[in-house]
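The following pair of complexes shares a single chain, subunit A, combined with subunit B in the former and subunit C in the latter.
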Partner chain A sequence: MQAEQEIIDRLCEKFPFLNSRIHVQRQKRIFTGHLIKEEFEQVIRYLHDEMGFYKANHVVGTDEGENLGFIYLLTNKEGIILALKEIAPKSDPKINSMTGMYPSLERHERELVDLFGAEVQGLPEGPSYPLPDGWPKGNYPLRKEWKPEYFDKNTMTYNPPVNDNDKGKH
Partner chain B sequence: MKLLQKAINWATRKSPWIIHYNAGSCNGCDIETIDALTPRFDLERIGIVQQGSPRHADILICTGAVTIQTKERLKQIYDQMPEPKYVIAVGTCACSGGIFDGCYCVMGGVDSVIPVDVYVPGCAVRPEAIISAVQKLLDTIDERKKIKYVM
Partner chain C sequence: MDENKERMESRVNAENKESREGTEGMDSKENRKNQERNRVVIPIGPQHPSLKEPSSFTITLEGEKVVDAVVGIGYVHRGLEKACESRTYIQNLYLIERVCGICSHTHSTAFCQGIEELAGITIPRRAAYIRVIVAELERLHSHLLWLGVAAHEIGFDTLFMYSWRDREKVLDILAEICGNRVNYGINTIGGVRRDIDSEMMQNILKMADYLQEQLKYYLDLVMTDQTLSARLVGIGKLSYEEALKFGVVGPVARAAGIMDDIRIIEPYAAYGEIPVKPVTDTHADVFGRTVVRIKEMLESLEIIRFSVKNIPDGDIAVKAPKRVPAGEVISRTEAPRGENIHYIRSNGTDMPDRVRVRAPSQANWQGMRHMLQGQYLADVPITIAAIDPCYSCTDRAIIVNSESSTEVMDWQGLRQYSIDWYKKRGIDVSQVKIPERKLYV
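So, the complex of A and B:
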């Protein structure tokens, strides 16, 4: 646990806002709290440039009610995985693409665009992934308010019930 | 039964050609299907040859739950096959949708798109089950044995 604690100490010294928002979950796993866009970009750039977190394993999207969460999993050469969390409001889900630092994240960020409706700025032009062709715009299937039972797969239209009282019937 | 139909049934029964299509499987059932065709289990001993083109095939072996993206392709492959044609749904996902049923981009089992003759459940299916399914399908083509296996 020595190496994990050293990373946390170094990060807290550099970024005072991380105090009490970062902890060791277990051996080789460090979790952070939700950071806003500006804080997140400072931290991830420092981790990439100065602290040897050279590899991004994965990006996880989460639905946090009013907000969308994005968890970036970064690894260094000792095999320590740092879960860095970013948060953006659903009304304005803009985040910046990290493909400049980690080119392998392109597919993961396209998934955030298709499945969660995030607006990833700076993502290279390309096809939509992974939803099928002809998927209607504005339908984000991994958001909690989107229910698969209201989606007609033959006509590719989303038909939610008009009254809130009807929800229990389905 | 007319003589011509008898001759066609005899030929189909003796040397059916199959085509294998993955409609959205995790590849577990595909590995087992290939395993059934290769010399250890040797599906070829009952006259089966795998074909690359649906236009030359008699039996479609379909694995995996059908997704919205593969639905049209599966229909096209089925339409291209000449009559008489048969479909075997291999794996739990191909039979009913399996754990993917109800997912936002999954139509369901193979029978939600095309008619299916034989269902082979299992996750993943054993090669012996595939061989048994093919043999039972071939037996149904033979009119005399049709009563034996009601499907």
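So, the complex of A and C:
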């Protein structure tokens, strides 16, 4: 796992804030901790421009309680996957689109918008994906507080119990 | 073949030159206005634009040439990932298997090996070999299905019927091994659920011999038939650089010369012990994708023969815990359509915290707009079909009847329904006599 360690060493040297926040999980897998927007963007640009991570496989959105997590999976020529994590608060879930560097991410970032309610700035224009046109605003089905049992698909409305009213809506 | 190829390439080059000259000549503002006035926007779909699955294509045409295409997908998104979060790992195994009807095994393999990695389980070698055999049989039937669909799209229905006839042989073997033609249910967390006995092994080898001859014939056909090359060469171009840029995977990437095969890059199951030869091509068009898929099937037969010959004796599964330790994992397999990635996060309970499936079609859609631009409208269906799009993969669907009631209709019931449907709209076809027939009794 020398190649993986070399990548980590080089990144830590360039970005001291990554120290102890990046590790080799197993062969061909590197995971980072959650980075804030500014840190994340510096690292992903460096990985793309200088370190040969030419391909972005996809983005996984996660619900981190008060925050939203975004895991960008990047691959280099040796097939090493680096899972670079970004975090943004649910109260202000703004992130920048990475489609400028990685056009392959377009549809995955649209999913973050529809399913997690992230505000991805700089996404190219195009049809929304994957929720249908009549989907009620403010309903983000992959957030943990959104429960499928409260959604009425005939009227396309979300009806949580009264004491649960604020949950699931943003 | 070489003569054919040269002829086709010169045709394509001449056309490109023509279109370039056409564009250069249109420099003045008035010409550009005229050009825009001549554009026609055609919405195609979402009902069955190419394959029998829903997606919409808004195609902008100039004459018969496509100048832009907007791809709309997502019609069969059913929230499968959300459903996974409220089910146990074993229940999810069956749910995940139904992500796709064609490549169900690759999804359940990716899911199982992810859970096994989280739980620290090593599966028995025999189980790993059985996973490989079923995976390659799945690749065979998926590619044969594709070959038939592609042939149908260009009006070559004889090849479509030949190819689907041969696919039945593979499905028969899969049914013999797994008890089912699709959704095999062979994988379980910790190994596989059914063993393959020596009689089945012999049947697999017999099928492989039969298929070998057929596939050689198809390869020869594709390489020499003038009609096929006229319809396939130079269509749906996606160069090496463009394929890298759009992040396409599987046969679409390999047809552009990119060696992208998870079986080789990151061997899983028993692929580490089995020689897998990479299949690539440099045509970077629909023709290349066809050649790659046929050659891959021949390679699959070699892998199956090797596995049957070298499969070790022993158990087929180990016991797996119901609760999985907290952690996260990225599991990859090579599906018939390309790289399939599952991300699973566990929280120490018997249900996952997050499951994310990135099926290969989701990656391949990205280059579609580019592939369609500059094509003739008539080539749109084959260009779409050539990425072997799997809508259910992309949308991660389970097919459910969303109406309030579900009923299974027989032939007569279906006929009555259509008669009533037309009657309501003022057309009475109830007096039309059709001969009695029995269908699927």
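Structure notes:
In this text, the second predicted complex is superposed on the first by the 163 of 170 C-alpha atoms of A that agree within 3 Å, B and C clash if a C-alpha of one lies under 4 Å from a C-alpha of the other, contacts with A are read in each partner's own complex, and residues count from 1 in each chain.
We adopt the following convention: a residue touches a chain if its C-beta (ideal position, glycine included) is under 8 Å from a C-beta of that chain, and two chains touch if they have at least 3 such contacts.
The model shown is predicted, which means the values in this text are computed figures rather than measured ones.
Touch counts on subunit A: comparing subunit C and subunit B, the chain ahead is C. Legend: residue contacts after superposition of the two complexes on their common chain; A:T62 is shown touching subunit C, with no touch to subunit B. In the superposition on chain A, A:K153 makes contact with both subunit B and subunit C. In the superposition on chain A, A:L73 makes contact with subunit C only, not with subunit B. In the superposition on chain A, A:Y46 contacts neither subunit B nor subunit C. By the document's definition of touching, both partners, subunit B and subunit C, reach A:L131. Once the two complexes are laid over each other on the shared chain, residue contacts for A:P141 go to subunit B and to subunit C alike. Of the two partner chains placed by superposition, A:F15 touches none, neither subunit B nor subunit C. Residues common to the contacts of subunit A with subunit B and with subunit C across the two structures: 131-132, 141, 148, 153.
Those residues of subunit C whose C-beta lies close enough to touch subunit A in the complex are 70, 72-75, 77, 79, 81-83, 117, 244-247, 265-266, 328, 330, 339, 341, 343, 345, 354, 356, 358, 362-363, 365-366, 395, 402. If you check the complex, the residues on subunit B that touch subunit A are 67-69, 102-105, 107. Listed in rising order, the residues of subunit A touching subunit C in the complex are 26, 28-29, 31, 54-58, 60-63, 71, 73, 79, 81, 83, 102-104, 106-108, 126-132, 141-142, 148, 153.
Interface of subunit A with subunit B (complex): residues 131-133, 141, 146, 148-149, 151, 153, 156.
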